[in-house]
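Paired with chain B in one complex and with chain C in the other, chain A is shared by the two complexes that follow.
Our next item is the complex of A and B:
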């Protein structure tokens, strides 16, 4: 049975290919896999903005497809393979948990080019890309330490993976640069996207006495709780000021458009290569939303830090930094290399919580 | 507001949507119909509530809209499974998929729009009492509705003649039919009641829990409600216990995490499920009683032979 299906698929593919060669003006097919719905107003929403940017920029030359709400795991492999089989030339898989499925499918389809977001496994036809969101988190840390009266922030985490842990560490380093005794309470919801749970976690944190909050999950629900309970917070992945006009101080905004356009252009030109791109404020992959609801001097300092990170004068992970247990990690003046950052699985000194392993 | 009050209020918020959806499904299953489309009806209710509240500016109208939206979805299910004899499991699953897609389409224009919040009722004097004032007398209408529905359902099922007929239809549809009761009519009404409750649960999500519309915001709560009904062995009072237990444990585990208790967060996230299942199994440990409570015709199609 399977063989028959396989043959049928090959036949269909062969037909598709021959049709492709006879029509030279066929558009380039670009596919996207999203972990949430495009209307999450967070992570997946921003990736879809990037997809729309491609359509706008290239017009008839490209044709884009997306599959949303694909859970990380076996489902992902099927979804990615579906795009690969249906003649897509370039496929963006936009969540960390798609890493192994992407590599697996990429092996089967060597002529299709893959781009995996926030991962670290590459192949000849698999490139990885990500944003240095931790740069933004450092700025949030400084703002939090200056704004919080209690000196305690609440942090809602999704999963304890390096991407999230790095954000927490960077946030704390930023906060410690202002107030060495600053504390953070972390709550893990073990989900990227569940507005109800995110709100529950936010309420629990407020009830435990935090007066500033940030999240590494994808919905605006925690910020909405901050607004209701009269504390401050930060937007995640996109500008969420509409949900919290008085509570949002700023937001880390992901901007994938320029990178996506660059990569599609590379495929069109035949210059596409694997590798890793990790862009931050400097590459415009990470933006800060306007600084609002802040005293002028705090906003000005934040803008200064932002400029320093953008120009490369300031790297959030610059020694001396100790690990949580007090052992030395970076020496005075030493800057963490990207490998260490990408695989980060420990907290820095000053965080009391234990990192779930 | 002190810490304890805040905690209890958060628990009530987390439990209410589960309770609303579960009590509706309980009546549906007692009549012998298995509707796996709770998640779908709930999310359509959520988008209807948000949309109408957003357009008219009245959250109460939103609640009404959610009720009708839930019923509309359940009527679709009823026609397919009761009149056209489609498979209940497959139809229920299809209803969930339809609901998730349909709500996403309807809700496209509401993305990123801040929502209307369903206001809490303020009862003079009573609402101002310390502690009980904020917990018991200052809830929104849907919280009161959920408790009233549990009491009402209990009374209806076990203290009224119509409730007896409904249970008879669920336990042995052939006999009920032979006695002259309209099995299809009873089941249709039960299915519609389930739809209305699921719609209200959705309204609670998009108007009170997190007043916003985002796609897929039910995030599996419909499935939890379905499981609650089974583990509560089809008893309304146990559904109440189960829903509140689930809500309480999910909130308490966040508090435990925030307080820095060194238990792995993955285990913490599993706690609500574990605790609820264990407690409800202990409550329902009497096998004979559980068997009597299980609707014997659950999920079986009824074809009147004459």
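Our next item is the complex of A and C:
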């Protein structure tokens, strides 16, 4: 068995090598693994938009493939290896839970290049990338504090990982910059994509009296509930205005296209390197959807904040900031470094809920 | 007029053998129609689904990796279902097995050597048995419905896992991300071959043979079947009703628990919030697809595994969406179960009878 497998592997390797050298005009094969269905109109949908942007930009020079709804458990490694085995040169694994499987497969296929979204482990052939979505959250916080009459927002969280906790904190810091007494109620649904659960959580929050809603999950369901119940909300990952024409105030849009095109180009040029890219509004990885359903001055202020963050004049995590328990975290004028942001596992002062630990 | 299913007086032995093949044939036909409708060459699609995964050692090994936990859990469940104990909570027993087994690599990672792995497996089995003993206790002591209790315990187990990997068992070097430390080499399941295939496959095979032997060659097997079909008759024969509840829950819990720790130490290499794509629930389908017969379950597990692996292959080679592949999997299951039903039952058209009580009649 072992011997046969060894032979097969050698043969496959030989084939792979010869394909790489002799047939230079072969299209570059680029693969994607999505955690949800591409029809989620959120996270996976936006990654697929990025994939389509690659196809459009490079035409015949590339060939793209994707596998959708790959669960973050034992199936992930097989799905990734399947792409690596079938001649893909560059593979994007687009969810945090694919981190260790990506590293494992990357070790076995040193000639294939991997890009893992939102993780922290890198290798010579594994780069990581992510968006500074918290920048958008800060803007949402300011808008929410100006729009909400009750001063209470509902926040639907997926999993209490640093990425999500950072978003809640940034939102609250934005809101507190307008109204220091602003409150947030959080519900965790323990899923990235579960429209039913997300909608239930949204309804529960509305019943508890929140009048503005936002979410860190992937479907438009919470926003649709906001629309039905006549309150305001924000789109997540994607511009969701068509699902909630009266309720959406803006949306944090993930725009992976430019980054994906840049990375494919790098592989084509032979200049691809590992490392980490964490881009925000400045790198166009994060966009704000048009500010709608808002008074003019609020929209203008939001645009101003957006410009300040983009230019680097404003960092959402600038001291003085205390932790939830009142202990000091950042001194006056001190800006949180990326390491602290990436591993964030505490709430800032002013959030009443307890962080699930 | 309405349709009724009527039990056949006797069923054809020939059809019992032919029916799975018939079902596969029917799903190929129905599937082909669907593939044509979405503009995919049906021959290519069927090749990608059923043949391509069997053509390379890698995908054969992957097939074993995917099917082994299904078979192992389903064999345990078959003992439950045959004895009329409805353990729906194998997913929770799987999770508890993974948690108990992981006590060693997470908390006592210094305990290495050849004994570490067997100890983990025993702990895993104990974890699964412990979790299965709760519905068994509630059923024997209070007459609680085990379908409900075993199912609810799944969610509890998943939340315990979630709590552990986010809290006390979180990897100290993991930047606060929800996962345990990566297991040491001594805590990783023995591998078979160069790929991902590990010793879990052997456990599944041993379980199939052991349960087959028990069911067909021993008094215990007879007892299980009698207590499932006519518990009153069984009690006259001196079989204990409570005893069989405990026995079937503990054995299926142990198998699910072993599957859990084997999956975590063999395939994933650490505890994460999600450790199973629903193996414990899919195994229920596998158990019935295999007609609660261990040998049948082995083939059913492989067939279901093949349809997953093939579905993924079809996504890559033909650019199909996962919706299409899951519709095709659904068709396959539908035809297999429908064909099986028609071995035991026949369909008859009944004319409504104009009697006074007719309106209340139910079949």
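Quick note on the criterion: the second predicted complex is superposed on the first by the 340 of 357 C-alpha atoms of A that agree within 3 Å, B and C clash if a C-alpha of one lies under 4 Å from a C-alpha of the other, contacts with A are read in each partner's own complex, and residues count from 1 in each chain.
Following the convention adopted for this analysis, a contact is a pair of C-beta atoms (placed from the backbone, for glycine too) under 8 Å apart; a residue touches a chain by one contact, two chains touch by 3 or more.
Here the structure is a predicted model, which means the values were calculated and not measured.
Visitor: Superposed on chain A, are chain B and chain C clashing or fitting side by side?
Guide: Verdict on chain A: clash between chain B and chain C.
Visitor: Check the residue A:356 against both partner chains and state whether it touches chain B (first), chain C (second), both, or neither.
Guide: After superposing on A, A:356 lies in contact with both chain B and chain C.
Visitor: Touching A:256 in the superposition: chain B (first), chain C (second), both, neither?
Guide: In the superposed model, A:256 contacts neither chain B nor chain C.
Visitor: Applying the touch criterion given at the start, work out whether A:204 contacts chain B, chain C, both or neither, answering first, second, both or neither.
Guide: first
Visitor: Quick one: classify A:120 as touching chain B (first), chain C (second), both or neither.
Guide: second
Visitor: Once the structures are superposed on A, label A:69 by its partner contacts, choosing first (chain B), second (chain C), both or neither.
Guide: It touches chain B and chain C both.
Visitor: After the superposition on A, what does A:190 contact: first (chain B), second (chain C), both or neither?
Guide: both
Visitor: Name the contact category of A:37: first (chain B only), second (chain C only), both, or neither.
Guide: both
Visitor: Per the contact definition in the header, classify A:221: touching chain B only (first), chain C only (second), both, or neither.
Guide: The answer is first: A:221 touches chain B but not chain C.
Visitor: Would you check which partner chain A:133 touches, where first means chain B only, second means chain C only, and both and neither mean what they say?
Guide: A:133: touches no partner chain.
Visitor: Which of 45-53, 171-179 or 243-251 in chain B clashes with chain C after superposition?
Guide: Only one listed stretch clashes with chain C, namely 171-179.
Visitor: Which chain A residues lie in the overlap of the chain B contact set and the chain C contact set?
Guide: The answer is residues 37-38, 69, 160, 190, 356-357 of chain A.
Visitor: For the complex, give me every residue of chain A touching chain B.
Guide: Interface residues on chain A, with respect to chain B: 36-41, 45, 69, 154, 157, 160, 185-191, 193-201, 203-208, 210, 219-221, 224, 242-243, 352-354, 356-357.
Visitor: Quick one: in the complex, what on chain A touches chain C?
Guide: Going through chain A, the ones touching chain C are 1-2, 4-6, 8-9, 31, 37-38, 65-69, 71-75, 77-79, 81-83, 85-86, 96-97, 100, 104, 120, 159-162, 190, 342-345, 356-357.
Visitor: Taking the touch rule as given, give the residues of chain C at its contact with chain A in the complex, in rising order.
Guide: The touching residues are 56-58, 61-62, 65-66, 162, 166-167, 175-179, 182, 192-196, 263, 267-270, 272-277, 308-309, 312-313, 315-317, 319, 321-323.
Visitor: Would you mind writing out the residues of chain B in touch with chain A in their complex?
Guide: Its residues touching chain A are 3, 6-7, 10, 13-14, 17, 104, 107-108, 111-114, 205, 209-212, 214-217, 219-221, 250-251, 254-255, 257-260, 262, 264-266, 268-269.
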